[in-house]
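We just call them A, B and C in the order they show up, numbering each chain from 1.
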Amino acid sequence: MAALLDDDRLFPLDSAARDLARALYETVRDLPIVSPHGHTDPRWFAENAAFPDPAQLIVVPDHYIFRMLVSQGVSLDALGVPRADGSVEQTDGRAIWRLFAENYHLFRGTPTRLWLDHTFENLFGMEVRLSAGTADLYYDHIAECLATEAYLPRALFERFKLEVIATTEGALDPLKWHRQIKDSGWNGRVITTYRPDAVVDPEFEGFAANLVQLAALTGCDTSDWSGYLEAHRRRRAYFRDHGATATDHGHPTADTANLSPSEAAALHARVAKGGANAADANLFRAQMLTEMAKMSVEDGMVMQIHAGSWRNHSGSVFASHGRDKGFDIPRRTSYVDALKPMLDVVGMEPGLTVILFTLDETVYSRELAPLAGVYPCLRLGPPWWFFDSVEGMKRFRAAATETAGFYNTVGFNDDTRAFPSIPARHDVARRVDCGYLAEQVRAGLLVEEEAAELAHDLAYRLAKAAYRL
Amino acid sequence: MAALLDDDRLFPLDSAARDLARALYETVRDLPIVSPHGHTDPRWFAENAAFPDPAQLIVVPDHYIFRMLVSQGVSLDALGVPRADGSVEQTDGRAIWRLFAENYHLFRGTPTRLWLDHTFENLFGMEVRLSAGTADLYYDHIAECLATEAYLPRALFERFKLEVIATTEGALDPLKWHRQIKDSGWNGRVITTYRPDAVVDPEFEGFAANLVQLAALTGCDTSDWSGYLEAHRRRRAYFRDHGATATDHGHPTADTANLSPSEAAALHARVAKGGANAADANLFRAQMLTEMAKMSVEDGMVMQIHAGSWRNHSGSVFASHGRDKGFDIPRRTSYVDALKPMLDVVGMEPGLTVILFTLDETVYSRELAPLAGVYPCLRLGPPWWFFDSVEGMKRFRAAATETAGFYNTVGFNDDTRAFPSIPARHDVARRVDCGYLAEQVRAGLLVEEEAAELAHDLAYRLAKAAYRL
Amino acid sequence: MAALLDDDRLFPLDSAARDLARALYETVRDLPIVSPHGHTDPRWFAENAAFPDPAQLIVVPDHYIFRMLVSQGVSLDALGVPRADGSVEQTDGRAIWRLFAENYHLFRGTPTRLWLDHTFENLFGMEVRLSAGTADLYYDHIAECLATEAYLPRALFERFKLEVIATTEGALDPLKWHRQIKDSGWNGRVITTYRPDAVVDPEFEGFAANLVQLAALTGCDTSDWSGYLEAHRRRRAYFRDHGATATDHGHPTADTANLSPSEAAALHARVAKGGANAADANLFRAQMLTEMAKMSVEDGMVMQIHAGSWRNHSGSVFASHGRDKGFDIPRRTSYVDALKPMLDVVGMEPGLTVILFTLDETVYSRELAPLAGVYPCLRLGPPWWFFDSVEGMKRFRAAATETAGFYNTVGFNDDTRAFPSIPARHDVARRVDCGYLAEQVRAGLLVEEEAAELAHDLAYRLAKAAYRL
């Protein structure tokens, strides 16, 4: 047994199931990692510069970490999280790290604890648990590591056995880091993903200006509905040229619409100049999901829908510190009615793949599995965000498999910008899936050879196939 | 261990609980089957003709099977599923069977796989798993079986130890097959169930014409509210003469209403001529649930409510292939507010039994168990449709029992038109329930004698009692 | 093994996890009980009179018991439950007890059975199960016990190791029993809780008259908005003088509002005279949650919100027998949108604690844990009412811990008026929590020393800390 990690962690408690889970896991633990959706920064791989201090690497950018600390009274400022105006109250990495370390017990029972301990042990070789008493030991050791060649981004990419990683960029992004990676001759595969929220959502900050910028980038008249659509087509092509095989859409709901061309054009005219009302904004986002799906039928890009987050729930924190500060809260989300307009248009298209994600676990068995279990274009993304967790994964398999089977799911997404946590996250998914399969065998629902094939599918093959990688 | 099935399948993994589950199961495995709700065809038992080829018996009519194949890109046409215009693209049973067989891996982890393997092994004696390689072996052997006396419908009925089976017929059905069964002298008990959706739901195809036909059948003036109600009373009596002890109502929501007689008559007048608007249609269905409940108080028929399916979700598939093609999707469904009008009228009636079904698992613990745990007329039906599954049953017991107990539930319904799967479905329910009871004993929540009594109740007695069979 | 109870009840089935759970439980089983929220009657402790007969102690006041019996056709009248007019149909305790005993099997699988068997064995020394055959044996023995000194309320308080118990009183309550307890010199700590529903909810019976009474008690002009708020401040201070550290709010929804002072005053003017419409009533309740939270920031009282019960669902039972007769049914409840107005005002206040309870389990992972996992003022109350059960507790930990951790929860509430059941309820919580922790250790998610610390936290420390006791 290791210092921080139990070798048999996350496997079933029953010893026969545990033995089988361990055996299945051995066959997949060292498979390459396919990371088809996430938020790492392509600049890391382009410049290959050393990561800054331990706090800047691990604490400051990780909303899972700072939200928990905030919930117990620690301030974002004390953690060095930048304010909306760009100022930073605490710049002393060691002070931030100590504050984190003395509150490390708060993470008991959370996936963050699992990811961190995995990182501490496997990446940095730590053998004692993080605490107030070991804070400096950790800080000094990690800082020392980060200064070495072996911890540069490309070295870690290779150490992590990343076969491919997809980053996520806005439609207006010039993709210069991706070009630089390509031009560098390094053979790590870092691809982009087309995420057009800022030019699709009339409620996005600066939407009207964004359309102007989109026009400038594409040479299309984005104040005109068909020019606007053509601009998307060109940007999608540009992203495909930088490796993209997928698009991604982060919407507050899963609403879709199927307006007539003239209705759509009129709606576009109302929202394009900015200041859309809420109903028009929602309808435009809804219509654009259908438009994006139709373009995916044309150009073969896989479409991802991440629906149901109420972003920036706290008005005061949004004012002081801006977006992505841990105050994004899930909402009840509907899919059966919401997706119907889009599905009526493209639902039976043989070449289309639409991958659905949710923050409302009640829809797994009631809506998503029944939909994905019949519509050929639909696939189920893995448990997302708060549900990228041991229990979250178990609930997903238990709720979705009986109706959608395994083959309407798409393997694992780490969906993270915490680069060092990527191996830990995939490891959790592989362990939990092997445990699930082992229990299925022990319950007489699968035989061992099937479980072995499925373990490989879930760890590796389905992600490649679904994302066309 | 058998070829396809594990003798201990579905029992708890823990060995002490597994031993106890096995012992409980031994006491119920061979009990007769009471099948109080389902969709088998009474004509089978009336004519007792041989079933057609394996594909027509097993694949073509089973929406669980073809929906999964469709979800992975197989077309309904290639599976020989009839189009809305009556045409059939593929009539070669062997070709259909091969397509099914080569995709059999898609069913891993689903109840369909369990039911099919049970049928293949126990009914047809197969010893190798179905696959592309064994497709013809299966086809030839099953076809051979079906040509023999032992596989005629009545022989299977007896082999399955069916003590009683309820079919489901529309209000306008002449029930000629039930009469023929009765007249034949065969002593299998096949009863009907009164399912009046086509004359209760103003949005049902041909509703106005259906009322005319109802008038013709009953001699009542169905264009008049009280005549319409009297027509129901007469059809209910006619169904009772053909064995019915229950009615069944498949509504998109669980809404009920309690209009005054004059409001109800006015509503009826608006909808009876066809073309009702959506609000009137919903209100009429809602009022009719209350009317049906009142008639059940009068005539003693058990009332079943199956609420919450969005039928025919895909417009294009409905247009090409019609209803019941696997595109019925569950929706979020409310009961606490929806049932109140009906419960205010009949909720405390001592002689009434209303059995509730849902496709929204979130209501088990929040709404259905609290309601059935206090209103004397209410009982909880078993997990329905997508939830007639191992995990579905476990979630139901875990969510409902602590508030509603066991005695406000009604045993198992197979609810199927896949006749050969009936023993498999009851076997799954008996195994899961025995596993649940065994775990309760091991957790100190029940003692063994109680578990044994409950095993018998859940497998046999409660269904008979609740449905008054 | 004891007669009625299994010593290892509720522990995990897996033997290694069970051994560890038992060891953890041994460290907490005899800790004092902190009961920070419940509905026992302070008069018991003030007068210290003998409890009446067994039926009056155990059956008649317990809605968990009579609702189950009613669900199976027993009438409230036959159980001696008082009618709304004060009359009682059945006053023979032995007859009530026999009716209860012969239906005791209905409670199989419910927490009521666990609580009762615990009480029967540990408090009354019974060694055979309650049934029709043992009804008189039980009745006679319990009646005999109740007549002795050892079963007087204060003796039981001490026997139960109650370190502190909070009762719940309306804003208009004079708190005379609490004063009498204090004046008596007895050192049992019985404190009150401020529950102002009757003067906060415009739909509460007699609301307008209640405001008049509130004015009389406080000397404030409650027909004026600021006078009304000042009256609350004074009553809160009065309650604090009688030990209160918390307020409690039982609302049909979790809606909050943040009106301007002039809007709030105008709303108050509309509702204060009685006869408010439903929208105003809801808005006033919503605004008052925010006002109460602001007062909690001032005076340090912990705020509890118990949202989501549809009270008195059956119109006929409410008419015949009045409130609290087992016909309170949970409803779907939203928190993310509902709490935002209040959180925008006080959500980041360091000194505030708001404890959230729900009857809609779907919100644990989707809404409550994400909210409590970031807002410093929020904490999660334990599973409430129908979910104060073995499976309910397991679902809560499994759903909430990964996002909110353990330290945003507040230990256990028994929330009962069934005084003899208090040790049983805390014992269930301690066992289930130790089982959960043991499984976490066995799954490699915690180490044993952490589990031991957490076992103590969940059983004792967190309740004291959260409620400032």
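Criterion: a contact is a pair of C-beta atoms (placed from the backbone, for glycine too) under 8 Å apart; a residue touches a chain by one contact, two chains touch by 3 or more.
Please read all numbers here as calculations on a predicted model, not as lab measurements.
Trainee: Starting from the defined contact criterion, work out which chains touch chain A and chain B both, please.
Mentor: Chains that touch both chain A and chain B, as defined above, are C.
Trainee: Can you report the angle of the rotation that maps chain B onto chain C, using C-alpha atoms only, to the nearest 5 degrees?
Mentor: Chain B sits rotated relative to chain C by 120 degrees.
Trainee: I'd like to verify one number: the distance from the centre of chain A to the centre of chain C, where each centre is the average of its C-alpha atoms, in whole angstrom.
Mentor: Here the centre of chain C sits 40 Å away from the centre of chain A.
Trainee: So which bits of chain B are touching at least two other chains?
Mentor: Within chain B, residues 14, 362 contact more than one other chain.
Trainee: Could you list, by residue number, the parts of chain C that touch chain A in their complex?
Mentor: Result: residues 12, 14, 16-17, 334, 336-337, 340, 343-344, 347-348, 350, 362, 365-367, 369-376, 378, 398-399, 401-408, 439-440, 442-447, 450, 454 of chain C touch chain A.
Trainee: Flag every residue of chain A that touches chain C in the complex, lowest number first.
Mentor: Per the stated touch rule, the residues are 5-6, 8-11, 13-14, 67-68, 70-73, 105-111, 113-114, 129, 310, 313-317, 326-327, 329-332, 359-362, 386-387, 389-392, 395.
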